[in-house]
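Same chain, two partners: chain A is paired with chain B first, then with chain C.
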Partner chain A sequence: MKKEKLLEVEQLNIKFTTSIGDVNVSDDINFSLNKGETFCIVGESGCGKSVVALSLTRLLPENAIIKGSIKFEGFNISELEEKEFSEIRGRKIATIFEQPMSCINPVMRIGDQIAETYRANFNCSRKEAKQQALKKLEEVKLPANRYNSYPHELSGGMQQRVMIAIALACNPQLLIADEPTTSLDVTVQYQILELLQELKEKYNMTILMITHDMGVVHDMADRIGVMYAGNMMEIADRDEFFQRPLHPYAVELLNVVRDPCIYTIPGTVPNLMEWVPGCPFEPRCKRSTEACKINKPKNIVMGERIVRCLNVVPN
Partner chain B sequence: MIKYIFRRLLYLIPVLILTSFLAYMLVYLSPSSPAQIILQARYAGEPTQEQIVEFNEEYGFDQSILVQYTTWLKNAMQGDLGKSLTDGSDVLEDFIYSFKASAKLYFSSQLLALIIALPIGVYSAFKANSIFDRISRTYSLVGISIPDFWLGMLLVYIFSIGLNLLPSFGYATPKNIILPMLALGLSSSFSLIRIVRTSVLEVLHLNYIRTARSKGLSENQIMMKHALRNAMIPIVTVMGIHLTHFIGGAVAVESMFAWPGLGNFFAKAAGSQDIPVIQGFVLLSAVFFIFANLIIDIICKQLDPRIDYQNEGGKNNG
Partner chain C sequence: MSCLIEANQLSKVFKDKESTVFKKKEIIAVDNVSLTINRGESVGIVGESGCGKSMLGKMLVGLTLPTKGSVNYDGKIISRLPFNEIKKLRSKLQPIFQDADSTLNPKLTVKKLLEEPFVINKISKGDANQRIDELLSYVNLGKELYGRYPHEISGGQRQRLGLARALSLNPDFIVADEPAASLDSSVQAQILQLLNRMKLNSGLGLVYVSHNLKIVSMMTEKVNVMYLGSFVETGDTKDVFENPMHPYTKMLIGSVLTIDGDKRKLGKAKVFGEPPDPKNRASGCTFHPRCDCCSQICKEERPILKKVGNKNRFVACHNM
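What follows is the complex of A and B.
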């Protein structure tokens, strides 16, 4: 059975223009999300995963130049006018961010912030919006009397629940979760992930999760995309990925997870301002050859899997 | 909140005792005695020793300082701040009169400054580095460099001498306020534009503005509901600090337009060493500033729920 696609990203290129030169943070990225699945983009800090996520709803700063096509429900949304685009943002695609404390307005009651999302996207009375906000508070397991609380009166975990309630106020089809558990402690992380999973099943949501935590990936993902220096190195089903990673970088990443105390990947992430002709992972790669320095690897499609490497790890 | 206001009002007592004591004592640090100065002015020549003794007896200057102070404080608490040495008018009445004049000028000019600076500053921040922003930044920089009394002279030159539209000085008619208000309001607006622009710009880069955008709000809603409310917190604080202009900052403009405000009055009294007037004005100004600061703090608390006056410094949180 062919799976129905909710989001298709093709040839996504993102560039930041800065005073000291251009930075390429996304290099011909292709991926798609099937309806109802959780897709995790994983990678080191600074590899461009958050930028890719934010670009989908045009939340990047003004110096970002985005090229490529983004299809949502089969409809190209990358060329929409700003006004039409705001109909989708918040209503059909919602986002939750890391560091919830800084992402919710400190001087506004949390209930009002949830209600505001609903009112901005649906024509309704204040009373209806409040009803919806109270319902969402209950769904994220916050007591109704927290409606009038201010963000600073809540713990980090509760703030992230508020963030989720704000995002889900309009029952979006796609939820982009940008490192939703990074700033939380481990037990709270688990609760938040469980809550996301529960709400995902309840509303048949699709989740695009950005994370650098392989544990989160293992618990949440249906499919995985590995990013490195603005490149999508490998896309695979979770089970296949953990059993048999194909890209040398993915292999190294899993080695780190299996032995976090001893094993590290030698070298550092490349400077994205410097253009390299070959594979960006080549200087740190154990399987690198002369060809890797000169030729940019192309995507190799193997059924559901996509690998961007000249020397794919054999069986 | 009420408990907090009550506690703040209790602070009033020690602060007032201290200010009144300092105000009273400071005057005695000046090199010449009040009798000398007043009598010199009255008789247009060096006063005789008898005249000085007589004067000191009449005004109670012959008693010890502490006795003088306690008598003065006792009277002050009953609303009697003594009489001016130069013209014999009641100090409290003088204060109320010039306070009213100052308040009219101050609040109208600050309102004008806000009306000018808010839209320009907000729009500048919103379109940072656009042509509008560049022009408004240059405009405010030029404005900051211009002293308010010079601006006042320019206004007089244009509107009184050139166009003969408005009176150049005086207090009697409502028309009189326009030029001093413009001079003070415009010169405050220049720095206020910068403050508004900076605070809005700072807020616009914060994460919760990105969240507001991700919720599908329009740019207008983001500005009004999220950015401006947060940006107002530093703006109100700065305006509170500028409240000192109520007395000191307007001296030049007030005397230029012969506006009978506090600054003008205070400068005159200091010039003629009119001791009861100086003492009374210092004391009453202190009362005014304590109340004004309390009001600013309450406004800030309304704008920003994170401010916790109950546990200062969060000492009960850890």
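What follows is the complex of A and C.
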């Protein structure tokens, strides 16, 4: 069965120009999302995973230079005019962030904020918008009497639910979730992830999830992309990935997460300002060779799997 | 094993901002908690945010004085000592915080920061320098960092610098309050291994405060599960994690997502509700609004920690 592709990202290069030089945060990244799946991009802080996610809806600051093509439902959206793009942002592709307070208005009642989305996008009356908003509140499991609450009266988990309600107001086909549960307690994280899973099935949504938490990936993902220093090191199916990771970084990362008291990855994440000719993981890699220092590894495609490494871990 | 720190019925109560002369309102952060830590032992305190675990940690090292109860160290009751006496003890009781940045003066270089504890405690420069060299190699930091300022080194390095400073005066007891929470998993492992090695080498007592159950299960021998200011379950870590008894412990352990095994966990555990607000405490058992096996007595009477089984296990629940 051939899976229908919802989003295809090809040769995505993102560079930030700053006063102290250029920073390369995305280096020839290719990935695609199948309809109805959850794709998780996982990586350590500063690896560029959030930047990639934000670039999909053009939410990056002005000093970002984006090259490459982004196809949404087979339609190249990277060349659209800003005005046309706003038809997609929010309506077809919605985003939720780590900090709900950064996206919801602190001086507006939460119910009105959800209703506002309906008013802006569907041109409906206030009464209809309120009804829709109440329906959404119920869907994200907030009691209806919270309609008139202000954001600061809610807990972190509830704020996250409000943001999910706003994001899902337009029934988007793709939901980008950028570290949606990082700042929450495990018990609340569990409930939010359950909610996302439930809504995903209900609306047949596709989710692009950005996270650094392997536990979350293990439970949410259908397919996984591992990023390191602006490179997509490995893309694989969830089951295959956890059973047999191929990229040395993925192998070590899984070991460290499994048993942090035994394994370590020596060294630190490289500085993206310093350009390296070879593989960015080479200084920390156990399998590195001379060739790794000189040549940038190319993507090796093995069926559904893509690995960017010169010395792929053997069976 | 000798007892290093003994906390007896510690309570910490804050006055609510809304409190008036006529209507007193209190926030109970820590409620009647007793705890002993032996030499060479590591004890975990876990719970959701706002349950009072950090406050308890601060009271154990004498950074905050308890409202009621006492902390005994070396035959002295810390909370009753005058300030200059507590100050002398500080070198033996050291905290490590999640945010190392908050403990490092941004205007001092790494070298100066490392020297600071020795200067304060009037230790000669020669001895200090020798100890600093030892410490740096111990926490795996290079001498090239000496001239740098805290903002010029990475988060992992800052955390290790904080560790080196905490260790510099050979403490007996360390409270590590989420020491690795803000770090990436690969760097986190370095800090955890360092803490473990430190505990083995110098036989100090360690209290590990965290919301990360996976790490607590690996780092500690005993664990205390805290909910709204009091312990609901205490026991040997292995025992508690393999066979949780209190409904809250079950919920907490059930909600941790790990990468062990092939199966997904989501949707299998029963997890309800939000971390409670200490201002609006529930009557009876504070956990009853979120509990799935709550009965009438839970709403009325507060359960106390009772010994369960033969092992060192205590659970506060009516429905055992």
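In the analysis below, the second predicted complex is superposed on the first by the 314 of 315 C-alpha atoms of A that agree within 3 Å, B and C clash if a C-alpha of one lies under 4 Å from a C-alpha of the other, contacts with A are read in each partner's own complex, and residues count from 1 in each chain.
Rule of thumb we're sticking to: a residue touches a chain if its C-beta (ideal position, glycine included) is under 8 Å from a C-beta of that chain, and two chains touch if they have at least 3 such contacts.
Nothing here was measured: the structure is a model prediction, and the numbers come from that model.
Asks: For A:F97, is the partner it touches chain B (first), chain C (second), both, or none of the two (neither)?
Replies: In the superposition, A:F97 contacts chain B only.
Asks: Counting only touches as set out at the top, which of chain B and chain C does A:S50 meet: first, second, both, neither?
Replies: So A:S50 meets neither chain B nor chain C here.
Asks: Just chain B (first), just chain C (second), both, or neither: which does A:T268 touch?
Replies: second
Asks: Can A:Q159 be said to touch chain B (first), chain C (second), both, or neither?
Replies: Touch status of A:Q159: no partner.
Asks: Could you say whether A:S26 touches chain B, chain C, both of them, or neither, answering first, second, both or neither?
Replies: neither
Asks: Does the superposition put A:S78 against chain B (first), chain C (second), both, or neither?
Replies: A:S78 contacts neither chain B nor chain C.
Asks: In the overlay, work out which of chain B or chain C sits against more residues of chain A.
Replies: C
Asks: If you stack the two complexes on chain A, which partner ends up touching A:D239: first (chain B), second (chain C), both, or neither?
Replies: second
Asks: Across the two complexes, what residues of chain A are contacted by chain B and by chain C?
Replies: Touching chain B and chain C on chain A: no residues.
Asks: Under the stated contact criterion, what part of chain A meets chain C in this complex?
Replies: 44-45, 155, 157-158, 185-191, 193-194, 197, 212-220, 239, 242-243, 252-254, 256-261, 263-266, 268-269
Asks: Taking the touch rule as given, give the residues of chain B at its contact with chain A in the complex, in rising order.
Replies: 206-208, 210-218, 221, 225-226, 229-230, 233, 303-306
Asks: How about chain A: which of its residues touch chain B in the complex?
Replies: Those in contact with chain B are residues 57, 59, 86-91, 94-95, 97, 99, 102-108, 116-117, 120-121, 150, 152, 163, 166-167, 169-170.
Asks: In their complex, what parts of chain C are in touch with chain A?
Replies: Listed in rising order, the residues of chain C that touch chain A are 48-49, 154, 156-157, 184-190, 192-193, 196, 211, 213-215, 218-219, 251-252, 254-260, 262, 264-267, 269, 271-275.
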